[in-house]
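In what follows, chain A forms one complex with chain B and a second complex with chain C.
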Partner chain A sequence: MGNQKRIIVACGSGVATSQTVASKIETMCEDENINVNVEAVDIKSLESFIDQCDIYVSIVPTGLKDWGKPTISGIPFLTGIGIDEEFDKLKEMLHQ
Partner chain B sequence: MSTVVNYILGLGSAIFLPIVMILLGLIIKMKPKRAIISGLTLGIAFTAMNMVLSFMFSSISPAASAFVKNTGINLSAIDVGWAPMAAIAWAWPYALALFPLQIGINLVMLALKWTDCLNVDLWNVWGKIFTASLVAAATKSIPLAFVAAIIQIVLELKSGDITQKQIYKITKIPGVACTHPMLIEAAILAPINRLLDFVPGINKININAQQMKEKIGVFGENSVMGFIVGALIAVFGGFDLKGILNTAMQVATALVLFPMMAKLFMQALAPIADSAGTFMKKRFKGREIHIGLDWPFMAGQSEIWVAAIILVPFELVIAVLMSKAGLNTVIPLAGIVNVIIIVPALVVTGGNLVRMIILGLIGTPIYLAIATSFAPMTTSLAKAVGTIQIPKGQFIAFFGVEMPELRWALVHGLNIIHGEIVGFVALIAFFGLFFWYAKYMKKRDIGDTVNIANNTNKTQKI
Partner chain C sequence: MDGKQVLLHEDLILLNYEAESKEQLLQKLSKILRVKGYVKDSFTEGVLQREIIYPTGLNTNGIKVAIPHTDSIHVEKAAILVALLKNPVTFKEMGNGINDVQAKLIFMLAVKDPSVQIETLSKLMSIFSQKDILINIYNSTTTKEVKDKLSKILA
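Right, the complex of A and B next:
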């Protein structure tokens, strides 16, 4: 568990959209035997969660606010379009 | 056979639905272990939601009755927000039938080119179930409940088409649309927004929403808002300091726990929603479509939070004033940061903060009135789901009821079988309005393409 990376996904209530993305990423990581902890949180409370994560998955346009964390877009995990590319980016970040 | 079915139904939603869930999971070839965990999680979700709801009522009930007694203001219906309403919806015996219904209608409409949206947001299926269960409660007719759900499914897809370009302009995320029912409210807000064009000076005010959000954003958090409103109720109920602080803390606890419990529903349903989504996406490879999503991909717009938070004190004042006039019994609480009206206002106004607030103010009384009118129904549905004790004379309400006018019109309009003519007329009128709205937004889209050069400024500011 020592170097398990923590990924945070945020959405309007931390329930539906973010959980969908989180479950998707979790399953994809599980399939490739990558050990991660993915958590869905409420975007209004993001400030209190962001410090505890290694990677932030944003479902709002990236660039609105820089949280100072490696960030990928969560939208491809919802639409299925460009999902492999975004997942590759995530894997690269995990290796760093 | 029917005794067996009745026996299983009689076990309660927390037992019955997990059984269905596990069977369904096995049918779509989930691993047995995952199917069982999904099913158990669903049962836990119901039980947990019930527990928090009971806890909340045990703390807020005495304060709320003291409030009514002390002030003479009859606010006896407590807004518990969307999370318990979702639980009520999922407990409807026909709930899971809405998945294939939504997917089927969507695929047919795409094939016939009646829509360009593929709605993969299978979480918000609960919104259709909720409407259906209300219609079923009012009309006592299951077929009519499904008619209502079908109407909502079709309108959501059309609403996704209609708003797609404006939402792209605001978010700059390509290939997506928002099929959340809250956006159907834009059909009501659009004509009001059009009228505002004739009010001089309204577009001149310039406010930096981002800066304001940093200052007042903390009031958007469930914990803070729950504490404040809980405290207010206890203060006006004449409680002592200890009572006030304890009520406030307990209400805050409930509001923070509601979404956490709702997340369990999501976790339970995610595998099914995921395989259904993948199934749908595979059908339309190659065609230019928009993927219909839940609303939060717009949640990065500061205007939403600023407008919704500014509305809060007005909502409370309006609730009290309307109650004096006998038009409202609802205390806005869990849904008090009412994005349900602000997000459609964002889309209709193109992110104009002042207009969003004005639309919010105009719309709030409608949400209160309809939440009031639904309160007896939502209360009896909640009682049917679980073992929650709601004292006589108190109600569970849903202030953030998406597209209240359409829901009201469906519940009463389809009840024409029992002679409710007014509701039916309202339903027809709503369809007419929706048609006008579709044309209004189309005109705006065309105008936007023409004025692209003038508009780049505005979108950057957002």
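Right, the complex of A and C next:
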């Protein structure tokens, strides 16, 4: 088996939204038998996690900082709008 | 105390609520939580500031939602305040900060211990992708109706 990819989700306080998005992504990946590790963190501790992750899922306004990692938006996983497109993007990134 | 602590209270459910602006709305709602002892004085400022840096509006289908909240240091007791707005109030969109969101359903979250409340909050957020449920909650006519509907979802 290949190496497991790490996905990090970050929100303003790591309190609620990032956790919800992380669990949604986890479930969707499981459903398609994609082996990933998804973690939720608060934006303040993102700095210490970002180097270890393969994909970053953002819930804070883009443009605040470019982390130099493949990034997707976490919002579709909350609202359901555009979720398939965003998940496709994620899968594409996982294949790279 | 386990994760099933009660976060919903009928006196924290507001129907037909009105505010002139997002700022006024956040101030009024924070004040209710403060007067009832759920949050500290600093909660209001915390919510207002956080809303500027990390906006919480969501362009959900059916009824637009906002989930204003702030760090747990400003919170005394965990609770979820629910406000059904008579007229939409303009929030900025989460994760974007540019788009406007005409929010009509507000969940103000007073989170004390994220690890304890996460399960409830995740359940709450699972309804944001379900248009019919959002509309159904918004169309409630009594506070008890709102509480019963939400309690079922958060159970």
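To be clear about the criterion, the second predicted complex is superposed on the first by the 94 of 96 C-alpha atoms of A that agree within 3 Å, B and C clash if a C-alpha of one lies under 4 Å from a C-alpha of the other, contacts with A are read in each partner's own complex, and residues count from 1 in each chain.
Basically, contacts are C-beta pairs under 8 Å (C-beta built on N, C-alpha and C of every residue); 3 or more make two chains touch, one makes a residue touch a chain.
These numbers were taken from a predicted model, which means no experiment stands behind them.
Student: Between chain B and chain C, positioned on chain A by superposition, is the outcome a clash or a fit?
Tutor: Here the two partners, once superposed via chain A, clash with each other.
Student: What is the contact status of A:Lys5 with respect to chain B (first) and chain C (second): first, second, both, or neither?
Tutor: Once the two structures are laid over each other on A, A:Lys5 reaches no partner at all.
Student: In the superposed arrangement, which partner chain does A:Thr17 touch: chain B (first), chain C (second), both, or neither?
Tutor: Both partners, chain B and chain C.
Student: With both complexes overlaid on chain A, does A:Ile59 touch chain B (first), chain C (second), both or neither?
Tutor: Both partners, chain B and chain C.
Student: In the superposed arrangement, does A:Ser45 touch chain B (first), chain C (second), both or neither?
Tutor: first
Student: Counting only touches as set out at the top, which of chain B and chain C does A:Ile75 meet: first, second, both, neither?
Tutor: both
Student: Considering each complex separately, which residues of chain A are in contact with chain B in the first and with chain C in the second?
Tutor: Comparing the two interfaces on chain A, one with chain B and one with chain C, the shared residues are 11-17, 19-20, 23, 43, 58-61, 75, 78-81.
Student: Would you tell me which residues of chain A are touching chain C in their complex?
Tutor: 11-17, 19-20, 23, 43, 58-63, 73-75, 78-81, 83
Student: Which chain A residues qualify as touching chain B in the complex?
Tutor: It is residues 11-20, 23-24, 27, 40, 42-45, 58-61, 64-65, 75, 78-81 of chain A that touch chain B.
Student: Quick check on the complex: what are the chain C residues that touch chain A?
Tutor: Residue list for chain C touching chain A: 50, 53-55, 58-61, 67, 69-72, 93-98, 109, 111, 114, 117-118, 121-122, 125-126, 128-130.
Student: Would you mind writing out the residues of chain B in touch with chain A in their complex?
Tutor: Interface residues on chain B, with respect to chain A: 83, 120-121, 123-124, 171-173, 175-176, 217, 220-222, 259, 262-263, 266-267, 270-271, 273-274, 277-278, 281, 291, 293-301, 305, 339.
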